[in-house]
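Below you'll find a set of structures to go through.
You will see chain A twice below: alongside chain B first, and alongside chain C after that.
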Partner chain A sequence: MLKCENIYKKYGSVVALDDVSLEFRPGEIVGLLGENGAGKTTLMKTILSYIRPNKGRVTLDGEKIGPNNIDRIAFATSEHSFFGGLDALEHKAFYHMQFERFNEKRFDSLLEFFELPKKTKIKNFSTGQKNQFEVILALSQGADYILMDEPFAGNDIFNREDFYKVLLGILDDNECLILSTHLIEEIKNFISRAVLLHKGQLIGDVTTLELDDKNIDLMEYMRKQYSYRSDRVIETLMKNEK
Partner chain B sequence: MVVDFSKLELNKLIPIYLQIIRHVKMEILAGNAQDGFEMPSRRVLSTLLSVNPNTVQKAYKQMEEEGLIISYPGSKSIVVANEENIIRIRQELISDEVLSFIKSARAMGFTLDQAKNVLDKYWDYKGKEVD
Partner chain C sequence: MGKIKKLEQVKYKVFLVLIIFQVTISLLSFLAIKSEIHSQKEKFGTVMTAPSLADIINYLRLFNIFYIIIGLLTILPGIFLYQYFLGSKSIYTMLRLPGKYSRLKFYIGQVRFSIKGILELWFIQLLLLFVVYLLYILIIQRESIIENHWYRFWEANYISMIYPFTRLWDFIPLVFMEVLLANISILLVLIERSRKRSILAVIGIILSVAGIYSYSTGLLHSLWIVPVTGILSVAISVFYIYKVEIV
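On to the complex of A and B.
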């Protein structure tokens, strides 16, 4: 279990994450949803310890994230964090050396699925291809928790639809996928759980089975959570006026 | 033989797991899914429909509880299209349709007799222009 406890992060005077507590479990496909600046990327980077929170902690099966367990978490940043001068096959060789559980079969099949060239330097890939390649690396690392920040940027709708199918086909029952996205309509049947951030606060956390039982749509749920929150904002404002 | 899901088009109005169950029932009534037919594996159906495995699992579980399918260890699931099931599904699906018809008819201010007349009028209707 990947556990975030009371994460609080401030950039200058801006609160990016406000006391966020969350748990991610094996087998989940989690949609991390929220407007731009809601804190999605900050949360992901905090999990990977790229960002040090002002308060709170992240643990993986009870242990702090560090050199011993960081390989169990993968992250496709959409910031193109790889070696521009190396081609796909050279990246594969490097990942093979770095990660004991590197999944070569998955890497090869995904490279084929996206029709990416094997021997072109990554810096000469298009933006869409770079995003795809990052996703491939994250999925092939052999991690238990796979994080993706806007992984579908630069992919057209047909490619994305196929991509959802491929993901559903290849993910093991013990892998956990956490992805941030704006494409709510598209991913609502694909995810098993939706986590909703708004202005750095956790304002919603629901499984899609719970939504089914209540017979409400993800979009409707999000609207409710948002308006509940804005009611509270108004309430606070009115109290302060008195 | 495996139950065919290629013609199932998901809509946004009803929970997906209910649409999966309804599809199986329709296939049984249409005679396309016969007794002993295999269900696709949960993973295959999840991939085919681009739907989370939990949703498929929920549909299969409910169908097991209804006696519509039997699942064996190793996760193979078989359709039970015996007479008892067919009679039950037929009743159930027609009731759903009739209930929704009644609801609309009532909302439009029809009496029972008027609604019956509409049924009579269109019972033999074969898609010609309505006069």
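On to the complex of A and C.
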């Protein structure tokens, strides 16, 4: 289990994460949702130990994240973490060498699925192809917890939809996917749990089963948690009435 | 480390081309000298003295090419460190590599490339000197070679140009000098990577430059000035790689 306990992170005077406590379990597909600056990326980077929190700790099966267990977590980011000067096959060789549980079969099949060239330097890929390759690497690393931060920014809708379907089919029962995105409508039928962040605070944590039991749609749940005011549109329009 | 391996292969090819080039040039020069001596003897009946080996080597500019390569070898690790370890956001991958020393291995890999290259270079230069000397002895007529040619060659101090030390422990600052040079390029990369936290890296560069300057100008005649600054400079790099938040 991946556990975040009372994570508090401040950048200057801005609080990025305010006492956030969360648990992620194997088999879950979690949507990490929130507006820009809600703290989604900071939370992911804190889990990966890229950023040190001011308070709180992250543990994986009771152990602090460190060199002995960091390979159990994979990360795909829209910032891209691959080596631009290498091609797909060179990445495969590198990952094979570095990560004991690298899933070669998955890597090859996803490369084929996205129809990505094998011997072209990744820096020469289009933005969409780069995103796809980033996701392939994260899924093939052999990690138990796969973190994806806005992985499809720049990809077309057909590509994304197909990918969600493939993803549902290839993920093992012991793998946990944590997906941060703005595309809520697209992922609402795909995730098993939604975690809501707002201005660094955890404002919602619900499984889709709970929502189904209550007969509430994810969007409706989000509106409620965000205290969304639908009347503000009318209010503004009225103020500007010609 | 695939790129480093490729670079090693390129390096050996460059070494081979240089050896072939130097040996060919030496061979042609000696043959030209031999032919000139021969024609002089036929024309005037006197035996002309061949130029000394030291003069020939000086003419061939044997060493300048190698020193340029040394310079390149020193810069390259930094470039590769940037491409692999810190370049763009690939740092995210590097920070996720399993094992406590995986990142350190990459760092050592970069520095080792430079030091190994320089040591190999010294060996090749010495080898080349003996090859050129052998060619000189074999091609030039005995009577045209000046007396005590080997001693004169020794006097010209060419060996010390390749191995600039007279005592065994002079070797220590020389090795650390290469460590310092390689590490400066890496520290420069670290500054670029983490501008906000670059003060420490700047201190590292100042220390390294001070160490090299004081040793090479003889400002401080201590044998340990380069090793000490070298160790401090490397410690700063390792500290950056492990402790400083660079994301």
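The rule is short, and it goes like this: the second predicted complex is superposed on the first by the 227 of 242 C-alpha atoms of A that agree within 3 Å, B and C clash if a C-alpha of one lies under 4 Å from a C-alpha of the other, contacts with A are read in each partner's own complex, and residues count from 1 in each chain.
In this text, a contact is a pair of C-beta atoms (placed from the backbone, for glycine too) under 8 Å apart; a residue touches a chain by one contact, two chains touch by 3 or more.
Please read all numbers here as calculations on a predicted model, not as lab measurements.
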item	value
Combined model on chain A where chain B meets chain C, clash or fit	fit
Contacts of A:F82 with chain B and chain C, given as first, second, both or neither	second
Chain B versus chain C as contact partner of A:Y11, first or second or both or neither	neither
Touching partner for A:I191 - first (chain B), second (chain C), both, neither	first
Chain A residues touched by each partner, larger count belonging to chain B or chain C	C
After fitting on chain A: smallest Cα gap, chain B-chain C, Å	29
Footprint overlap on chain A, where chain B in one structure and chain C in the other make contact	none
Footprint of chain B on chain A - complex, ascending	29, 161, 164-165, 168-169, 189-192, 207-209, 212, 215, 217
Residues on chain C engaged by chain A in the complex (per definition of touch)	2-3, 83-84, 87-93, 95-100, 102, 245, 247
Parts of chain B lying in touch with chain A, wherever the complex brings them together	10, 12, 15-17, 43, 46-55, 58
Chain C-facing residues of chain A, complex	45, 48-52, 66-68, 70-71, 73-75, 77, 79-86, 90, 93-94, 98-100, 137
